[in-house]
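After this come two complexes, each holding chain A, first together with chain B and then together with chain C.
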Partner chain A sequence: MIDLTTLTRLPQVKSAVLSDAAGGLRDASGNVDGEAVAAVTGYLTGALADTGDRLGLGPLQSISFSGRDRASLVLVRGDVVLTTVVEPAAALATVEKTVDAGGE
Partner chain B sequence: MTQSPGSIATGATDLTALVGLKLGNYRLVRLLGRGRMGVVYLAEDEALLRPTAIKLLSWSVAEAQGHDPVKWFLAEARMVARINHPKVVQIYAAARHGNHCYIAMEYVAGQSAEALVASAGPLSCAVATNIVLQAAAALHAAHSAGIIHRDVKPANLMVGDDGSTKLGDFGMALGFAELRTGTANVRVGTPYYQAPEIWRGQAATAASDVYSLGATYFQLLTGRPPFAGADVATLEQAHLTAPTPDVRELAPRLPASCAALVRRALAKLPRDRYPSAVEVMHDAERIMAEIGATPSGNTRDTAPAPRRRQAPSRPGPGAPGPLLASFGLASRPFAAVDAATAPYLGEPFTSVRKRLLATLEREGLATLVGAVGSGRSLLCARLAEELSDRRRVWVVGGDGPAVTRACEAVGVPAVADEAASILSQRLSEDQRPGGRPLLVIDDVGVEPAGGRQLRELVAAARRTRAFELLLVGDEALGPTLEKSGIEVGARREVRLPPLDAAQIAAFVRAWVDAALTPAAPPVVFSPDALFVVAFRTQGVLERIGLLGENMLVLAASEHQRTLTSWHAWAASDRERWHDSPTDLPRRPATWPTPEVADVLDACRRAAGMPPFPRVKTNGDDRADEE
Partner chain C sequence: MEAILQSVLDVAGVSASLVFDGGGRLVAHRGHAVYDRALCEQISLVLVKAVDTVQLQQSDWDSITAQYSDGKLLLRNLGEAGGKSYVLAIIADATLNPSFATVAMRVAANKLKHALTGGSASGLSDTGPGSPPGSSPGSSPGPVSSTPGAAKLSSSGLTWSAAASGSLSRVNVADPASGAFLTRCVKELARHVGPMAKVFVEEAARRVSPEAPFSMAASARLVEDLGGQIEDAKDRMAFMTSLAK
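Up next is the complex of A and B:
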């Protein structure tokens, strides 16, 4: 299980939302509408999983995208989806390493 | 010139110069129009502080030759009260002031469809169809209440600044009961829109209103009524015998579906028209969807769009335009006009429909039982529409004895003691290659005279097998029929159950997806939003419609495409916002509240999910640590 408390101690992580593949909210931390984020992420991962299948990528593991000020990292681990908002955007790799190292 | 209060109480009066006059609680503000019957003012209701339209009858009481005009107005008001539909102009009061009578009614900020065409020329297909669609909804409500309007025309359709249309002026309307009396054959209405049977001196029926609506649609699309003539006799002959003109000869770029709607509504014989106004609604919806699917098509540019006032800066709650802009909806989902698609979206409708068809085919007789709001009437309407290409189908709604209503719909006289016999004979004659005729009678209740006529009709359906009969009603239908001596039997009964939570979720998603235009981004529902919808509606279709539409209105006002439990909860606390716009609620700082969280937890438990997480922020985390 991904520990949101540990994750949001990172200064670069502004919010984190844990959800299931159907978009159901499991946990949220930070100033975020977790329910809405979970719903959108559920839709997004579903759509991109199909795209990944068509491209032969194998099971979906992560989605990252960046805006001018912030970035978002979505990690898929089985039925669990973690969505983080990261600032600055350049810190994406740090956050992913942290999650993979001990956040789950 | 402004006259002093009370001046119309005496002597000859210029009814167009009464600004400032106070009639009861109403102070006349501005003259809106004048007609044969009198004048209409915009007034301020000083008690309820709302704008009101005041229609002042031009005849004085002394000129009414012993009649009491207030009674006429009250009769109209009672008709409208029976209909109680948002697309019908509501009447607040009828009273006498001095020597004149007035009626106070809902003020619609906008203009009549007639004025719209007069000022802007033929309307675009989208605008005209939208008007007709809403008018058909109003007519359907009137017919379901047993009322025939008898004067449907562009002048009686009030189009609001947001495109919302309301049907007004029920002054000529008659209830079904009155239609069976001598007064029903008195020719009223406006010659340009009158059905052939009215010209022949027959009583008006729902089909006559459908004809008038078709003539109205023709005028909105082309700028002129279907038939013109130098005198009434010429008009009469045209309505009775002249071929229905093709709208596309006057507006070649209109879609074929528009022309088809006009052609069917204007059929010379009532039996060849749409069987009910709700069928007009369905076709109008399809045209709207067709237009939405091809926004670059030529239908929108066929004619100038009507002039509109400046749009409000914030999306009007529930207005179709803002919803379209915010969500890319091809048509307004969940509202009555769009509910026609409901019985085809998922379970239990799909399996119920199959069982109904199989039972009718096998037995020739079936009952459909469902609670109010379960979608049973919609299911019947859609079933009829699906079958009507191949065979004759009548769907009979409204109140009153089932056989009498059926006779009216089929077009045979409801002769006492022989009605069932005449009706079954008529039904049996209408065989087509696609199958036996089907008669659907909705809202079957306790029948008069022990239900003898209905019993005979059921017996004829069983004995002759020449037509199929579907009786529709609520949970009490079986026992009610038994009291009339009609044993239907369990194998002929099909039940329409309330939707369960999973069906509601699938249904809501399917409905919104079906309503989205192809290029529109998705509307996303959180699972918790759907839990709330299921919990607050208990699967009652009508309630789902209201709640669902409110959710979309709320989300549109926030420019959000993601709907959460907050949208669902707030939406379920209010009546339909589309019809009575008020200040929309705003999301509280903390969500969910403890009471909602408890509900969500219970729903989640039932679905095998963990409890809804309680609100937590970075600050809270730190506080926890401390």
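Up next is the complex of A and C:
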């Protein structure tokens, strides 16, 4: 299972939220409104999972989005959804590898 | 525009490339046989909801990547042109080289931005009959959404400013505290109504303060107005209580 405390020790990870696919909050770490993030992420993963179904791309595994200064990484593992905010945005790939290594 | 999308389609692993606007309307597309116009139109409607949701978290988003077991979906923000926002989307299978795709998307995005801002309506040949991209917001027939919230977004003609940083870019506020309060309202309301919260707050702010910039003097009326958007009485009370703190 993904350990949020370990994850947020990464200097580039500013917050982490663990939720379920329906948008319910399970755990949160860092300066973040966990319930709001969980709700929004639940909707986002639902919409993109639906898109994947329509396109025959298989189950959704992860979502990342980035802007000028920060990025977010959303990992989907069954019913568990992990959302992390990463700063700077360029550190996204590093965090993704770390999370993958620790979460599998 | 189709030539630009074709160049993306030529990248190994890419199955389809398309451009849609902020109302979920397909503007142009190129794809292998199975990715026909009808499917791309359906996908555009769903993807625009995903984009609206991402903008709640990060209004200055530049790119979105969705990784699936058998492929990828890549989105790139093309910004606004003619009062509408546009997004480039690429559908790819598992053989896609991410580095090649990134370069191809950057090149294509630059060309598409130029085509869109240059007003080259003739290049937008995939729009079919109806109003061309670049027409005034709200004038397009737009897509019919299955959700009331999304339909409201389409009919409102509202778009998000890429320059906004978490604030409500389309609402004038009297001072920073008022802006911060609106942002807080969006976050709280999103728990109950989902990603359309930002649109609801914008519209409510205009309703309670139609003549002047929104200020904290109108905050109670705003909360009451927004509470009316929440059907469940318990949720409505939780929402109003959270903003009374």
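We adopt the following convention: the second predicted complex is superposed on the first by the 102 of 104 C-alpha atoms of A that agree within 3 Å, B and C clash if a C-alpha of one lies under 4 Å from a C-alpha of the other, contacts with A are read in each partner's own complex, and residues count from 1 in each chain.
Convention: contacts are C-beta pairs under 8 Å (C-beta built on N, C-alpha and C of every residue); 3 or more make two chains touch, one makes a residue touch a chain.
The shown structure was predicted, so the numbers you read here are calculated from the model rather than taken from an experiment.
Student: Do chain B and chain C fit side by side on chain A in the superposed arrangement, or is it a clash?
Tutor: In the superposition, chain B runs into chain C.
Student: Determine, under the contact definition given at the top, whether A:T8 touches first (chain B), second (chain C), both, or neither.
Tutor: After superposition on chain A, A:T8 lies in contact with chain B alone.
Student: Would you check which partner chain A:G34 touches, where first means chain B only, second means chain C only, and both and neither mean what they say?
Tutor: The answer is first: A:G34 touches chain B but not chain C.
Student: Chain B or chain C: which reaches more residues on chain A?
Tutor: Looking at chain A, the partner in contact with more of its residues is C.
Student: Which partner does A:Y43 contact after superposing on A: first (chain B), second (chain C), both, neither?
Tutor: It touches chain B and chain C both.
Student: Where does A:S72 make contact in the superposed view: on chain B (first), on chain C (second), on both, or on neither?
Tutor: second
Student: Between chain B and chain C, whom does A:G24 touch in the aligned arrangement: first, second, both, or neither?
Tutor: A:G24: touches chain B, not chain C.
Student: Just one of 21-29, 93-101 or 201-209 in chain C hits chain B in the overlay; which is it?
Tutor: So the stretch of chain C that bumps into chain B is 201-209.
Student: Intersection of chain A residues contacting chain B with those contacting chain C?
Tutor: 33, 35-36, 39-40, 43
Student: Quick check on the complex: what are the chain B residues that touch chain A?
Tutor: That would be residues 522, 524-529, 560, 562-566, 604, 609-610, 612-613, 616-618, 621, 624 of chain B.
Student: Under the definition above, what is the set of chain C residues touching chain A in their complex?
Tutor: Chain C reaches chain A through residues 35, 39, 42-43, 46-47, 49-50, 53-54, 56-73, 91, 187-188, 190-191, 194-195.
Student: Where on chain A does chain B make contact in their complex?
Tutor: So the residues of chain A in touch with chain B come to 5, 8-9, 20, 22-31, 33-36, 38-40, 42-43.
Student: Applying the document's contact rule, which stretches of chain A touch chain C when the two form their complex?
Tutor: Result: residues 33, 35-37, 39-40, 43-44, 47-48, 50-52, 54-70, 72 of chain A touch chain C.
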